[in-house]
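Before anything else, here is the set of structures, which you'll find just below.
Shared chain: subunit A. Partners: subunit B in the first complex, subunit C in the second.
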Partner chain A sequence: MSQTAQSQTVSDERVKEMSALRRALIRPELGGLVGTVAVFTFFLLFAFDSGMFSSQGVMNWSTVSAQFMIIAVGACLLMIAGEFDLSVGSMIGFSGMMIAILSVTLGWPVWLAIIVTFAMCIVIGALNGYIVIRTGLPSFIVTLAFLFILRGFTIYLPQTIERKTIISGVRDVAEGDWLAALFGGKILTGFFTWMGQAGLIETFERGTREGQPVVDGIPMLIVWAIILVIFGHILLTRTRFGNWIFASGGDAEAARNSGVPVSRVKILMFMFTAFCACVFATCQVMEFGSAGADRGLLKEFEAIIAVVIGGALLTGGYGSVIGAALGALIFGVVQQGLFFAGVESSLFRVFLGIILLFAVILNTYIRRLITGER
Partner chain B sequence: MKSNLTKFLVGAAIAVAPMVAPTFATAEGERYVLVSHAPDSDSWWNTIKNGIALAGEQMGVEVEYRNPPTGDIADMARIVEQAAASAPNGIITTLADYDVLKGPIMDAVASGVDVIIMNTGTPEQAREVGALMYVGQPEYDAGLAAGMRAKDDGVTSFLCVNHAIQQPTVGERCQGFADGLGVELGESMLDSGTDPAEIKNRVMAYLNANPDTDGILTLGPVSADPTILALEENGMAGDIYFGTFDLGDEIVKGIKSGVIQWGIDQQPFLQAYLPVVIMTNYHRYGVLPGNNINSGPGFVTADALEMVEKFAGEYR
Partner chain C sequence: MNTRSIHEPIIRMINIEKHFGSVIALAGVSVDVYPGECHCLLGDNGAGKSTFIKTMSGVHKPTAGEIIFEGKPMHFDDPRDAISAGIATVHQHLAMIPLMSVSRNFFMGNEPLKKIGPLKFFDHDLANQVTMEEMRRMGINLRGPDQAVGTLSGGERQTVAIARAVHFGAKVLILDEPTSALGVRQTANVLATIDKVRKQDIAVVFITHNVRHALAVGDRFTVLNRGQTLGTAQRGQITPEELQDMMAGGQELVALEDSLGGTI
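Let's look at the complex of A and B:
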């Protein structure tokens, strides 16, 4: 009896057997995937002819989703590592303002202003992480402090220097700058012009741009979002460092005992979150040509919401970048889609709240059902 | 079991109905979208919402109100883009930040959507983005009208209490007032800051140093309220000629008691109501006023207070 059993089980008895279907189902992306399909089905049914799926409409919700994605990737990795960053929104306002002050007010070349701002943001991110690690305080509190500190500087600096809270003229000084084009430019413009000429997408009906396509290229914002999602996904699932992120968020003490440099991982993730916020801000400043003291308000919550819809656990140790990206897509499509569907403006936030709650409950339910966790 | 299912379906239909209904309603009347820059917390815009609701009802058109929840102008630009993509007959929007909103508004105009600029912005900027017209209160003109009114009432010199020196458009009110009076602005404009105690002390100090000043202009409740206190303290209340921009509780009380001669209302109701009416008639009959429309200055004096108090926050 025992002899036959032994000869049959060639695999390691410590590894539990699992069917391929079940393995596919317990992925953290599943909830996000189901949600995405549901949301698109809903809007295809109720808002199909509202312009939401015209080229202009698609570009609109894609851009908004891409914005969410950029900050969601950072927030997702940080959350998996077991920490929060509530200073993301203020960081967006602060870094945008720094770029504007350095380039417009102080007259630095735009590429230098961007690089210095990125360096500054990453240092602030590291400081966030360092304080959290050294004091052992919850990151919730530490980054909440930075939410106020950074927002305060964002209002104080331009008011002191220029006596106003909006600094404009970035577009003019960024003209022809190589690094600025990397954030504010568009790609595939030739392809879109061709599509416009071939009648595949709508063109402007009047004015100086008559005949040009209404969508004239893919903004770099979307390219950045895709790059960051791919980078984050590979980092998390294909590298040793990715395992360290999971371990740090799952049980920091156990991870430390088995040799994972938990402090370094967490501080690096804070720096990466700050980097993502800075990418967001730079794209925004380059696109609109001005920086305002009120930019980025409440964006930290939007990032966290996207990540949670995407299936990550608020307690850390579980989640996926692809899921967060899908969460950002759902959030963007729902937010803009409700406008298209003609929902009364004051009720819009009610529907948004209900849909978010529904998505998260569904997510948790599916996960529990399949993994059997309590 | 079956009745439960029916109940569920009816329930679901009722729940979804308010979301779906407007989509079908677009088939009838024209559809307009008003995009503002105000955050949810700004109650001043309630008057605007009531204005478009009334206009929509009277004209038989559908008007939607959209705003960035936090007042983020970059989010507002996305809303303008979205509004354009939903192909309405027209968009009514503010020009809160010309740099940010210029692009999306020009794209909307180019894709065949008519635009009217309301509230914030200037007639020049409205023309540059290709809007049909501007409906609002040009600050200089409002100051000029106020200055001419004060001149008719016998004012010869004045103090302008400016609590928002960093906003050039607000400062134009003082310049207009000076030109209306026919005097040099010179040192008459006081940078008061925004702290109530400081404003009060600076106003009293100025009036001490310049005892022949016979008129005061304040630029809003922020500077008007402490100025009232200053005048009550130095005994000039009711004696000196006092006019102010915008309305507020203290200002209304001041007008009632005779401390303030008039308050200038920019009449937000008109900024919301008129664009809807104008655009609807433009789209139905092709008629369009040949000029920009000044929604203000509307002078509120003691005689008209009853109406103001009655409709405050609703239509005023």
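Let's look at the complex of A and C:
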């Protein structure tokens, strides 16, 4: 990108030099970046004393944002590849329930339950993709069908087996399990203890945990979110496969003509989305110690909203994982921030609707800028 | 022109027939294409041009007839076979992705890789450098390799697609109606590009229904009509009017042309 100068021997007089602003505008992350700055400025000004920026408050909205990020990464790559997955929320409920049934009801070791559940989810993701590719139907319809199919099983299975819709007791069986710790554990606990002793973060002032930090480590949920964002970003921007993702979503026919294996790319992205949903579910089950039939409701839309706020086009072929992560951050900070600020929580939905509308309008405008359409 | 006659044809299509069920799309078409020539394939809509080039590029298998490529009989199972043998097709619309940068488009499906440890990454520096160089050779000045293809004109997009095919080793370049949707100036640019490609000893098969575009760059002309060839003519042996008549099947057009004052 630095060698533009030497090539401009004869320039077309009708091609105006791009202003720095215009150049910045066509970066997909811009909307997310501006939104993040705006949201933080707002809450720093109006809710600084609410406890939102104490160590506990930061951990609170970070965790919520991380949840959104995990499913947003999958939804983002899939949307750039030109498809949707509306079954993400049901997949979260289903995979959480499978882990609980396999480990608690059937008494399998937790690590085996997790691995089998992941395998099942990825196969369902592949099935989603295969049906979309084979039938040529819009992924909207195919995954809508799976939204109901998976949710139906998530309610039916525990009711038939245990006569209830929540299966608890996962925490007890997961005690000491090596794989469960990868989803439910915390890292850097030593560091946080040290920070508590050094007086850098709050500690409990009384009770059995006196002297211990209020926030005692970084949950694996956040670690997963960061790993998935970095992985997704590098995959999309720095690899051959990333170019294929853009191409498949930009124009599947043109991509096929150039030798891009479009079907494989799309099916793999469906599988990756299912994988992300499963990571979300496993972390959630390990955190709560239980699985419920209503878990993950509406998550597919929240993931899509985060991705759109992050600058991706609903029509595919354009977007950014970093943008989607920022969208998820905005989402989490606002949802928890309004809670801290004592605002009626239903207003969050109003905010969400408005910001979604703004994001889509902005993205459409940016698309025109890039493609030179009028 | 004389040097060409001692060359062997790079691709010979001999008595190609193609039937779709009861419909005979091609009824025995023979065409030879030599390296370094621009062979124009003319014909009206429905004449069988598309079927013919799809047979050449491996999309269709001929019902009867033989394809000799570089002296050997060839059987392409799918377009990828043809592409790896060196037969590239540039489609009229389905070639470029507007939202992607020129450099990403240029290397789509052929991304250069650079190894970092055990992992392979898209070598953006190399891709950008090669793209800028190739675009400059074709006479297109980009703002930068990250400029989106959507900001290029139709003619420039065709040129990028042609440059891409040439860069990746095309020996036979099939251009499917590259000028049909373009303005005068852009058409001239694409025709100039065809001329540059021909000079690199690449065989160009130029499909068009515009006689003037064909005569501007063509070395030889084959006219298809209702799935049959009406023969191949050398440059200078045929007039635009004759070509036009052959394409339209003669008689009817004469009457039409009179009523329109000879403007077609």
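Everything below uses one rule, namely that the second predicted complex is superposed on the first by the 325 of 374 C-alpha atoms of A that agree within 3 Å, B and C clash if a C-alpha of one lies under 4 Å from a C-alpha of the other, contacts with A are read in each partner's own complex, and residues count from 1 in each chain.
Rule of thumb we're sticking to: contacts are C-beta pairs under 8 Å (C-beta built on N, C-alpha and C of every residue); 3 or more make two chains touch, one makes a residue touch a chain.
Just so you know, these numbers come straight off a predicted model, no measurement behind them.
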| item | value |
| --- | --- |
| Partner chain(s) touched by A:242 [first = subunit B, second = subunit C, both, neither] | second |
| Which superposed partner A:54 touches (first subunit B, second subunit C, both, neither) | first |
| Which superposed partner A:339 touches (first subunit B, second subunit C, both, neither) | first |
| Which of subunit B and subunit C A:28 touches, first, second, both or neither | neither |
| Partner, of subunit C and subunit B, that touches more residues belonging to subunit A | B |
| Partner chain(s) touched by A:259 [first = subunit B, second = subunit C, both, neither] | second |
| Overlap of subunit C and subunit B interfaces on subunit A (superposed complexes) | none |
| Subunit A - residues contacting subunit C, complex | 1, 3-4, 7-12, 15, 17-18, 26, 238-240, 242-244, 246-247, 250-251, 253-255, 257-260, 313, 317-318, 367, 370-373 |
| Complex contact set, residues of subunit C against subunit A | 79-80, 83, 89, 91, 94-100, 104, 107-111, 113, 120-122, 124, 128-129, 132, 135-136, 141-146, 148, 150-151 |
| Partner subunit A, residues of subunit B touching it in the complex | 18-20, 22-23, 25-26, 64-67, 69-74, 77-79, 81-87, 97-100, 103, 106-107, 109-112, 130, 165-167 |
| Residues of subunit A that touch subunit B when the two form their complex | 46-47, 50-52, 54, 56-57, 59-61, 63-64, 159, 163-166, 168-169, 171, 202, 204-210, 214, 284, 288-290, 292, 294-298, 336, 338-345, 347, 349, 351 |
